[in-house]
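Notes for the one structure printed next.
A, B, C and D label the chains in the order they appear, each numbered from 1.
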Amino acid sequence: MTIPILEVRDLKKYYAASAPFFHRGERPVVRAVDGVSFTIPEGETFGLIGESGCGKTTTVRTLLGLEKVTSGTIRFAGEEVQDADQAGWRRYRSSVQAVFQDPYSSLSPRMRVWEIIAEPLITAGKMSKADIKTRVAELLEVVGLPNDAGERFPHEFSGGQRQRVAIARGLSPQPRLLILDEPVSALDVSIRAQILNLLQALQDKFGLSYLLISHDLDIVAHMCRNIAVMYLGRIVETGTVAQVRDNPQHPYAQALFSAVLPPHPDKIKPRIRLTGPQPSPLNPPSGCRFRTRCPVVQPICAEIEPALEQTRAGSRAACLFAPRASQEEIDR
Amino acid sequence: MGRYILKRLWRALITLIVISMLIFVIARVTGDPIAYLAPEDASEQELAQVRARLGLDKPIYVQYAFYVGDALRGDFGNSLRYNRPAFEMVLQRLPATIQLSLIAFIVSTILGIMMGVLAALRRDTWIDGALRLLAVLGQSAPSFWIGILAIMIFGVHLQWLPTSGRMGPEYLILPSLTLALFSMASVMRLTRSAMLETQTQEYVKFLRAKGVPESQIIFKHMLRNALVPVLAVLGIQLSHLVGGTVIIEIVFNWPGVGRLMVEALLNSDLPLIQAGVMLIAISVVLVNLLVDLSYGLVDPRIRIE
Amino acid sequence: MTDTNAQPVIRVEDLYVSLRRRRDGATIRAVNGVNFSVGRGRTLGIVGESGCGKSTAAMALVRLLPKSAEVRGAIHFDGRDLATESQGALRRIRGRKIAMIFQDPMVALDPLFTVGDQLAEPLREHLDLDGEALHARQVELLQAVGISSPETRLKQYPHQMSGGMLQRIVGAIAIACNPELLIADEPTTALDPTAQAGYLELLERLSETYGLALIVVTHDMGVVSRICHDVMVMYAGQTVEYGPVRAIFDQPRHPYTQALLASIPHAVEPGACLPTIEGQPPDLAALPPGCPFAARCPKVVDRCRTEAPPPVEFAGGQRALCWRADER
Amino acid sequence: MNGAIAPTRERASPGRPSRKGKWRSLPWLAIIMLAPVIIFGICGPLLYLHDPTTIDLLNPQKPPAWLEGGSAAFPLGTDQFGRDLLSRLIEGARVSLIIALGGVMVAALIGIVAGMASGYFGGLVDSLISQAVDVKMSLPAILLIILIGAAIGGGMTTVLASIVLLFWADYARVIRAETLSLRERGYVQLAKVANASHIRILTRHILPNLFGTCIVLVTLQVGRAILIEASISFIGLGIQPPATAWGLMVYEGRAYLATAWWLPTFSGLAITMTVLGTNLFGDWLRDALDTRQSSL
């Protein structure tokens, strides 16, 4: 078996919330990410979906080392990185890069494009300036930007072009994994397709692996093989796109996919309505976290916290009432 | 709201502690207090006695504690020049200063807000231009100079208004208006930009879509929202004003704490300076606190936590 | 036309809007000759990419535009021409007969006033309601949009409410005076999928229940397919294609519409290459002669670059602005 | 289409507005007001008609040249000791400029470093600095000046110390807030992912983006510093005679209101014009650089 490029096990990230003024006892804790596990095989695209506040951004931040992990393991190409020393993180980060949503705030406005792209190389300090310039020229070519783009500033480019610059920068240290956090949400539909095509082509060309974070289910379905649905800091269902999108087992995943806008007026599906507001990660419900909004909730859901288990449909879902796969189905 | 109040109280307390420490340190830096507390021909032994009596032989933090204790009782010692309790002297002068700055505060706030609203509503017209020029002028001309010009014009030349002293209400007009000018300019500029800022808000667009009359949008919604940031700086404006009285009192011969302190400064009358600074600091901090608390009345996001 | 009713609620003819660009004072031709109509209980989607003039066209109906804006054409509504009405008269129509909602319900309400107060404003202003009658209507409205315990909700401030609740409050304000037309400008852009679906459903329900004519401005073809009956595709200020939603989704006639529909990832095999539209839209301050889409059009012929294409009509009320629209 | 690897080159958005309007949009009023101050400030001694400190008891309180009794030798008249007012104003320009610029620069340096450290690192550093800024904000400036005056007496040092102590907090406050928001920007996060050191992030990503704010603040503060200097000199804690400064000249002229109105008038006018010039210039800069700042 080949070693997966990224293996996340039981990742947790808690923040201390600001306590009331004369608060006694333990400080309240925001459970932004609360036990997330997934695996990305080398060369594949894995999609993480969920709505705002579900913890996907925090997951990204911990994976990039921008936040310290509370507990759990992050294994990159077989090596544990979460407790690595500074040198270890540096090495890891040269193999993992990111592209963020907003093409306006992700490029330093007062830096020339070539320096933005070259920054990971400059900080590594291993290349001469001439080599760096050559590499930048190569990268501009790869992402489809004109040669003279390097001498210009970000404000001279359109949104789609900026996202190309951001991708070129992500590629510059020759990473193996690229984390794409809503990479096309800020772009117009026609530009969106260009960027998605570019990402696909780069994956083929360099054998990259992607972790794609998005709330746009169409895009995730288009790009990914495997996906995971997050709700309130947890993964509630995971499996292949075909399994999870076409036959979701967890009630939240069902509701989420039923809310997807139809590609054609003839394909309008009945929507599963969620009641009530999303609970705060400061004080998540006992038992199943989704129970306060679940359309099929039972009393027992408040007591037992469901784990991700193999369902008959092939995906793994965290719901007590999702039809389980029998032992032989699992073995098969 | 409770938490907000506690935070503000905490800040007020810290401010007072810091200022008291500053005063204490400066009093020690400027020389051995013994020098002016003991007779000039005192012997070493007598000096030591005085030191012991005043606690000056104790560690510095004990001395500070004594000092705070005395200050809390209103004991700053006697004025070196007048040989009367400094605290009393300052207290006597305080009403004049408060009167002056309070009137200036009211005038500058009301006029400033009105002018700011007007300028914002008439944006890019000559009215806006004139008001903005007036504001930047108000922030550029030194108050003592404006005061002197006012004396020259209204006092010496036209002889309309008294220019010196504090006898009747007419004596207040020139000093309070001069004092108000700078603050009024700041309030006006802030109000103007806050009003313009609210204009771009989504809820204003929605109000227009609801067909709410423009006057109601402006005076009910935009003005109240614009007042939130204005209110936030009124406390700072007030300390500017109280500070400004020092200079205005000199120009107009106003018998307030400010003039007393400047005189004390020129006479190196340290107890008087200490008492004056402490009392002014306390009143400023208190009024600041009041202004901060009134914030909650306007903004429900603070009132209801 | 496509309307089932003989008399549309609103009918727009040859609408032109020009604006002054603040940056360089250039004149922007934001809307260039737009025609459409919406009937009772019908929903029109105005769709296009950023800067195509779709919002300007919608806002021009009630003339909520910057002062520099110039509006030409005819806007027939309620027996008058809104294009020539005074701002005062328009104000009495806004919120009364034509209601509007915008992008994000979270910021649509003034944070310093209670929900009840803001719901009362149009009722007081347009219907002269007061006291008991006002209160009864407020409660009735909140119930109509599905808010439980309306009495307590009325006394709360926007920051005390969840996003879903605010959506419904905004909906209640919009229907407060029983309007005939509701304009929703990018109503779901800032929202999550489930919130978006909920909001669209609410709009659909309100439109059906009260027989509203609904105009939805959006950049998302999915929104159009979800709730619209008719669609108007805009590009560079022009209506490039117009017609019933099904007809256009089944057989788009304009190359731009075709490209828009094709670039939705759903339309192709997962992982396959998505069709793209090359280039960028033209600068609205310097529109080229001929068809504005010519520079990006895969079907461009010489004529497109010099002569403006005429509208080509098809069966069922579909029409497209293209020289080659009737080619298959 | 296989526009993937070699996709179209989108047209770059049109650049900045044309250069044509640039000359017209310069703040000419401010430049006209500031030019003499800067020229006098730099080459003052070369332009004296008379030595500013030479007492000439033959020509006391001479009115300006255009009034009856004035003489062309003393264009703006003389003071009670017969010293030439214009020469003294020029000398005052030098003093004001040195103090204002020097004080503001030192304050800016301290404040920017403190603000960046406070906003970027947070934690204890931030708590301490924020608390100090808070205390400064809620105290009238004059109290600090009086305390400093009480501690070290009058003179140039008092003025400089006051300006630095009063102004550093303004920089710290504004820069801290900006740094806090810059810190969360995508490019700072990505710089961390690119293994950039704190020093690199602070100097290459944060500082360059604070530049506009700093420039605007410095400009506006120079005006305020001139005002503060004048006020301090006016209450007698600033520049001591026989040296001179504008504030001191107003103070001295005040005694001769009835007989020599030009003495306080022209020196005050000089202060007002200079401060007005810097304020207008600062406002223009703020708009031109589009930095968001409260107008305080």
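Keep this in mind: a contact is a pair of C-beta atoms (placed from the backbone, for glycine too) under 8 Å apart; a residue touches a chain by one contact, two chains touch by 3 or more.
Quick caveat, the model's predicted, so the values are computed rather than measured.
Enquirer: So which chains count as neighbours of both chain A and chain B?
Expert: Output, common partners of chain A and chain B: C, D.
Enquirer: Looking at A-D and B-D, which pair shares more C-beta contacts?
Expert: By number of C-beta pairs in contact, B-D is the larger.
Enquirer: Chain A to chain D: how many Å between their CA centres?
Expert: 49
Enquirer: Can you work out the whole-Å distance between the CA centroids of chain B and chain D?
Expert: Computed value for the inter-centroid distance: 22 Å.
Enquirer: Could you give the separation in Å between the centres of chain B and chain C, each centre being the mean of its C-alpha atoms?
Expert: A distance of 53 Å separates the two centres.
Enquirer: Would you pick out the residues of chain A that each touch at least 2 other chains?
Expert: 158, 194, 197, 200
Enquirer: Using the touch rule from the top of the page, what residues of chain D touch 2 or more other chains?
Expert: Correct list: 3-4, 7-8, 10-11.
Enquirer: At least two other chains touched by the same residue of chain B: list those residues.
Expert: Within chain B, no residue contacts more than one other chain.
Enquirer: Given the complex with chain D, which residues does chain B contribute to the contact?
Expert: 11-12, 14-15, 18-19, 22-23, 26, 29-30, 136-137, 139-145, 148-149, 151-152, 156, 186, 189-190, 192-193, 229, 233, 235-236, 239-240, 242-244, 246-247, 250-251, 258, 261-262, 265-266, 268, 270, 273, 276-277, 280-281, 284-285, 288
Enquirer: So in the complex, which bits of chain C are touching chain A?
Expert: Chain C reaches chain A through residues 49-50, 162-165, 192-198, 201, 219-223, 225-226, 245-246, 249, 259-260, 263-268, 270-271, 273-277, 280.
Enquirer: Hey, which residues of chain C end up touching chain B in the complex?
Expert: 62, 64, 91-96, 99-104, 107-113, 121-122, 125-126, 157, 159-160, 170, 173
Enquirer: Hey, which residues of chain A end up touching chain D in the complex?
Expert: Listed in rising order, the residues of chain A that touch chain D are 61, 64-66, 89-90, 93-94, 96-98, 100-102, 105-111, 116, 119-120, 123-124, 142, 144-146, 152, 156-158, 160-161, 166, 169, 173, 191, 194, 197-198, 200-202, 205.
Enquirer: For a test of understanding, state which residues of chain D touch chain B in their complex under the given definition.
Expert: Residue list for chain D touching chain B: 131, 134-135, 137-143, 146-147, 149-151, 223, 227, 230-231, 234-237, 247, 250-251, 254, 257-258, 261, 264-265, 268, 271-272, 275-276, 279-280, 283, 294-296.
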